[in-house]
Amino acid sequence: MFIVCSIALLITMLLTLVRALLGPTIFDRILAINSFGTKTVLLIAVYGFLTGRPDFLDIALVYALINYIGTIAVLKFFEYDDLGSDAYQQDDY
Amino acid sequence: MDIAQQLPALVIVLPMLAAPLCVLIRHSALCWALSVFTSLLTFLSAFGLFNQVRADGVIRYAIGGWAAPTGIEYYVDMANASMLLLVSFISLIVLLYAYESVKKSVVKAKHYLFYAAWMLCLTGLLGITITGDAFNVFVFLEISSLSMYMLIAFGSNRRALTASFRYLIMGSIGASFILIGIGFLYAATGTLNMADMAGRIPDAEAQRAVLVAFSFLTIGLMIKSAVFPLHGWLANAYQYAPVAVTAFLAGTATKVSLYVLLRFFFSIFGTEYSFGYMLLNVVLLPAAIVSFILLSLVAIFQSDLKRMLAYSSVAQVGYIVAAFCLATEQGLTAGIVHIFNHGIIKTALFMSVGCMLFRLGHTHRNSLDNLISTMPFTVVAFIISGLGLIGVPLTVGFVSKFTLIGAAMEKGWWLVGALVLLSSLFAVIYIGRVIEIMLFRKVRVNEPAPVGMKEAPLSMLVPMYALIGVSIWFGVFGTTTLSVAREAALVLLGGYQ
Amino acid sequence: MSILGLYNYWVVVALMMAGLYIMIARYNLIKKIIGLGVFQTSIFYLYITMGKVHGGTAPILAEGYPLYSNPLPHVLILTAIVVGVATTAVALALIVRIYEEYDTIEEDELKSIELAEQES
Amino acid sequence: MKLYVRQRHRVLQVVTKLIIPFVLLFALYVQFHGDYGPGGGFQAGVLFASAFILHGLIFGLQRTRSVLTPSLLRVLMALGVLIYLGTGIVTMLLGHNLLDYAALAANPKTGQHWGIFAVELGVGVTVTAVMVSLFYSFASKRL
Amino acid sequence: MELLITIVLLTFLVAIVIGIIVLRDLLSGVILLGLYSLVAAGVFIVMDAVDVAFTEAAVGSGISTILFLGALSFTRHEQKPRGHDSIVALAFVCITGGLLIYGTLDMPHYGSAVSPAQTHPELAVHFLTKSAGETGMPNVVTSVLASYRGYDTLGEVVVVFTAGIAVLSLLGLIRRRPEDEAPEDAPGDLPKLPDDKSEHNV
């Protein structure tokens, strides 16, 4: 069960990787990499159960978090060319 | 707390403590005072340690209370006790000297960062020297390297930045190679402790992993100690760093890497393996000879004093490596004694150049006409240490070159001895020309005399002359350093107990 | 299994060399640092490979697992990762300063600017 | 136009506001659970820092900087090293070797616990401060 | 299964590195480097190095990507089409790689339990069998990191600190031109530089 699952995940990872490498525009890459990260999170979770030590799910959490932050950073960089800007919000939030 | 017992730890802990304190204090003069005080205490600890080692032999200090191969230990014998002494002494002297020149060349708001980086660099260099653990060498190497990049980037010319960056690239490749080497050694022996490793290598010698580890460590350390084909980073880094930093680095950084090289070749791999089986001579000796011949020649054609001295440094590293290649007790003694002597002379030379820089604002050889009339003390200091660099009798340079040539003769390497003499001739040329200009060439008529020219401030002259005093002392009474160097050589050749 | 026993090492070597190549051959300074990242990560990989034991599990002791992988390479690499990111940060800061001073981050342009400066 | 600009990243802002406390909580968990599971001071420090980085990315550096001021960061940076080194110095003062945590309590095992706790705290503080300050330095292009 | 995952992920790594070499756009390079770290961290998990994977994911693909993006925002994003055919570099790399391959030929195979590194009685074996009794921690990596090799970790913290002050001195916590002598970062009220975009991206 877990084995089939991980093989399926590896295949989808391969597909997104292809898009990440070939992707004509930068958005293709960003999207591909974001979903690649998600697949990695899943793979780690599955692998934890596969080897019988599911207590390492913490790491999957970190991956998810880093993936989120990384994607936001790349997008913000792409849009504003400056990571620290707050140009889009002048007053309350 | 029993101070005598804690000396090995104090040598590291004191400067390491001073760095964050500097960041907390943030007051320029106070940070300087703290750094000087710390350097003094470190020097005293190193001195105490040196005496202990001399009296009782090897000291092993188990950090964290975990006995050697399990934990990390400080392993202090004659070889590194004397290196500790050299590094902490040069740091102390140059720091005393640095106050004025830093005040002039570094933005005031960053003084505390400068001194913090200095302390970190000192920590790193001392940490590399004192440790008995191979991986720990890498960690402290990175502390010293990162702080060096930062110190070099303090230089006022924008080229300091590119110099620092190129050094960073080379240094990172070197450090990564060292990391790979240590990894292969770990794979082959299963241990990281140097003494334990030395004991296990004879059994693992047949493995290719050891061979690869040896090659990678050699290349990595050659980069770090600027041996000929891999010396590219050094000239710019020395030229564009603030002069106090150059003086400090010239006396310590490459020397510590050379010490690590010694440690790995002679104590860990063993003379037999390094020179008998791996034929290290075939690679290293030509590199060393090219170093001291070619780069002495290059030095002749440099019009900037700092750059000239930088190339001369590479040449001197060549002497030291050539001495190691002899792989005899005599040769090793010559190499070690030259590490000390060159450390002292080159630091003194850079300090005197710094005095000129402080007053003139530049160090072009051709504009130093008749400098003796305005800055007599600086010029005399330059001349004395320049003579030491050439190797005139009664200077430290003579002691080490004499020993080196003697060792080469003893081994029957006449050619090496002759080439050393030839390269000394080149040194006569490049130092001699500068001296000639400073003493005899008249000020050109249509050039206005520099306004406000006077001798460098006392706070720079006094430390410089203290260092020159030391160099004269060891030049006249060369037997002291020679006997220490011989003991160190014996320890290194004898391997770990 | 034995055919694949060294596959790991070879791939790691290839990755390392690719990183080193980017570092040496590319003129763009940021690209050099990207190469450094690849190079260092591959070295970490080399170390971790050495620590792995077949049938072992992560070195967090628990009931019912008799065999663990070697924890020492993990510790060393934790330190090395930190060193790596420290180096990267310093390098990038230098690059930003270089760009501000020279208005370029291409190695060959920097060289020609410096050469012109030296001649004048 | 102004209205549009203000509303632009509302979803991200709300989501981030919700996430940040959990990230901090998770960082604390990693910091103090490092003895039993994966993690420790370094990882926790990075997670702490990433919470602030996330805040900076979404709400702009100005606001983040009013929470965690640069001078505070500088103090924290040094403080972490001092905590770590201080632990070592205390063990030296107690007559043991550098970083021998057994000195910290009568029972060596308890001493180890205290020592590792203190040391990990030091690591966490320095790493958080340095990572956030690196972000400040590299993100303040237009400030 | 384990082996399969390892091999597939390794192949991904190779593909990513080829991408990094080929692509000229620096932003793509940075993103791919982050991805490289993420995949490498995945492999570390398969190789039982959970702590390392944790750190590599957080640092390699989190922090350093952000640092790279920050640096990119100050500089140009395009790599100029040069620096491709360096024979010397290629030769150097090939020799080094060949040496490494040569060295690994008689290495203990992947996963071997009888290599010197696994059987050293005072290191690997000591840590796995005695650390729980000596430090009372189930996570051997933490106990080795903080206690047995606590000194290395001290060095590591100092390295981080060094990087912190190095970047502080190079860039400052608030960017401004180097000749600007104003007192350093006053907290609270932040001196706003004139809104001049040309200042940094000329």
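Should a chain be cited, it is by its letter among A, B, C, D and E, assigned in written order, with residues numbered from 1 in that chain.
Simple rule for what comes next: a residue touches a chain if its C-beta (ideal position, glycine included) is under 8 Å from a C-beta of that chain, and two chains touch if they have at least 3 such contacts.
Just so it is clear, the structure is predicted and the values come from calculations on it, not from any experiment.
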Partner chains that chain A and chain D have in common: C, E
B-E or A-E - the one linked by more C-beta pairs in contact: B-E
Most remote chain, CA-based centroid, reference being chain A: B
Between chain B and chain C, centroid-to-centroid distance (C-alpha), Å: 28
Centroid spacing, where centroids are CA-atom means, of chain A and chain B in whole angstrom: 47
Centroid spacing, where centroids are CA-atom means, of chain D and chain E in whole angstrom: 19
Where chain C and chain E are represented by their mean Cα positions, the distance between them in whole Å: 6
Contacts with 2+ other chains: residues of chain E: 18, 50-51, 53-55, 58-59, 62-63, 66-67, 69-74, 100, 104-105, 107, 115, 117-118, 123-124, 127, 138-139, 141, 145, 147, 149-156, 158-163, 165-168, 170-171, 178, 200
Residues of chain B engaged with two or more neighbouring chains: 16, 19-20, 23, 63-64, 135, 139, 142, 146, 149-150, 153, 180, 186-187, 192
Chain A residues counted as touching two or more neighbouring chains: 51, 55-56, 58-59, 62, 66, 69, 73, 81-83
Touching pairs among all chains present in the structure: A-C, A-D, A-E, B-C, B-D, B-E, C-D, C-E, D-E
In the complex with chain B, residue positions of chain E that touch it: 99-100, 102-108, 115-120, 122-124, 126-127, 147-152, 154-156, 158-159, 161-163, 165-166, 168-170, 178, 181, 183-184
Residues of chain E defined as touching chain A within the complex: 1-2, 4-5, 8, 12, 15-16, 18-19, 25, 27-28, 31-32, 34-35, 38-39, 41-42, 45-46, 50, 53-54, 57-58, 61-62, 65-66, 69-70, 72-73, 201
Touching residues (chain side chain A, partner chain E) in the complex: 3, 6-7, 10, 13-14, 17, 20-21, 26, 29-30, 33, 36-37, 40, 43-44, 47, 50-51, 56, 58-59, 62-63, 66-67, 69-70, 73-74, 77-78, 81-83
Contacting residues of chain E [partner chain D, same complex]: 50-51, 53-55, 58-59, 62-63, 66-67, 69-71, 73-74, 134-139, 141-143, 145-147, 150-151, 153-154, 156-158, 160-161, 163-165, 167-168, 171-175, 185, 187-188, 190, 192-193, 195, 197, 200
Of all residues in chain D, those that touch chain A in their complex: 2, 5-6, 8-9, 12-13, 19, 23, 26, 30, 37-39, 43, 47, 50, 53-54, 56-63, 135-136, 138-143
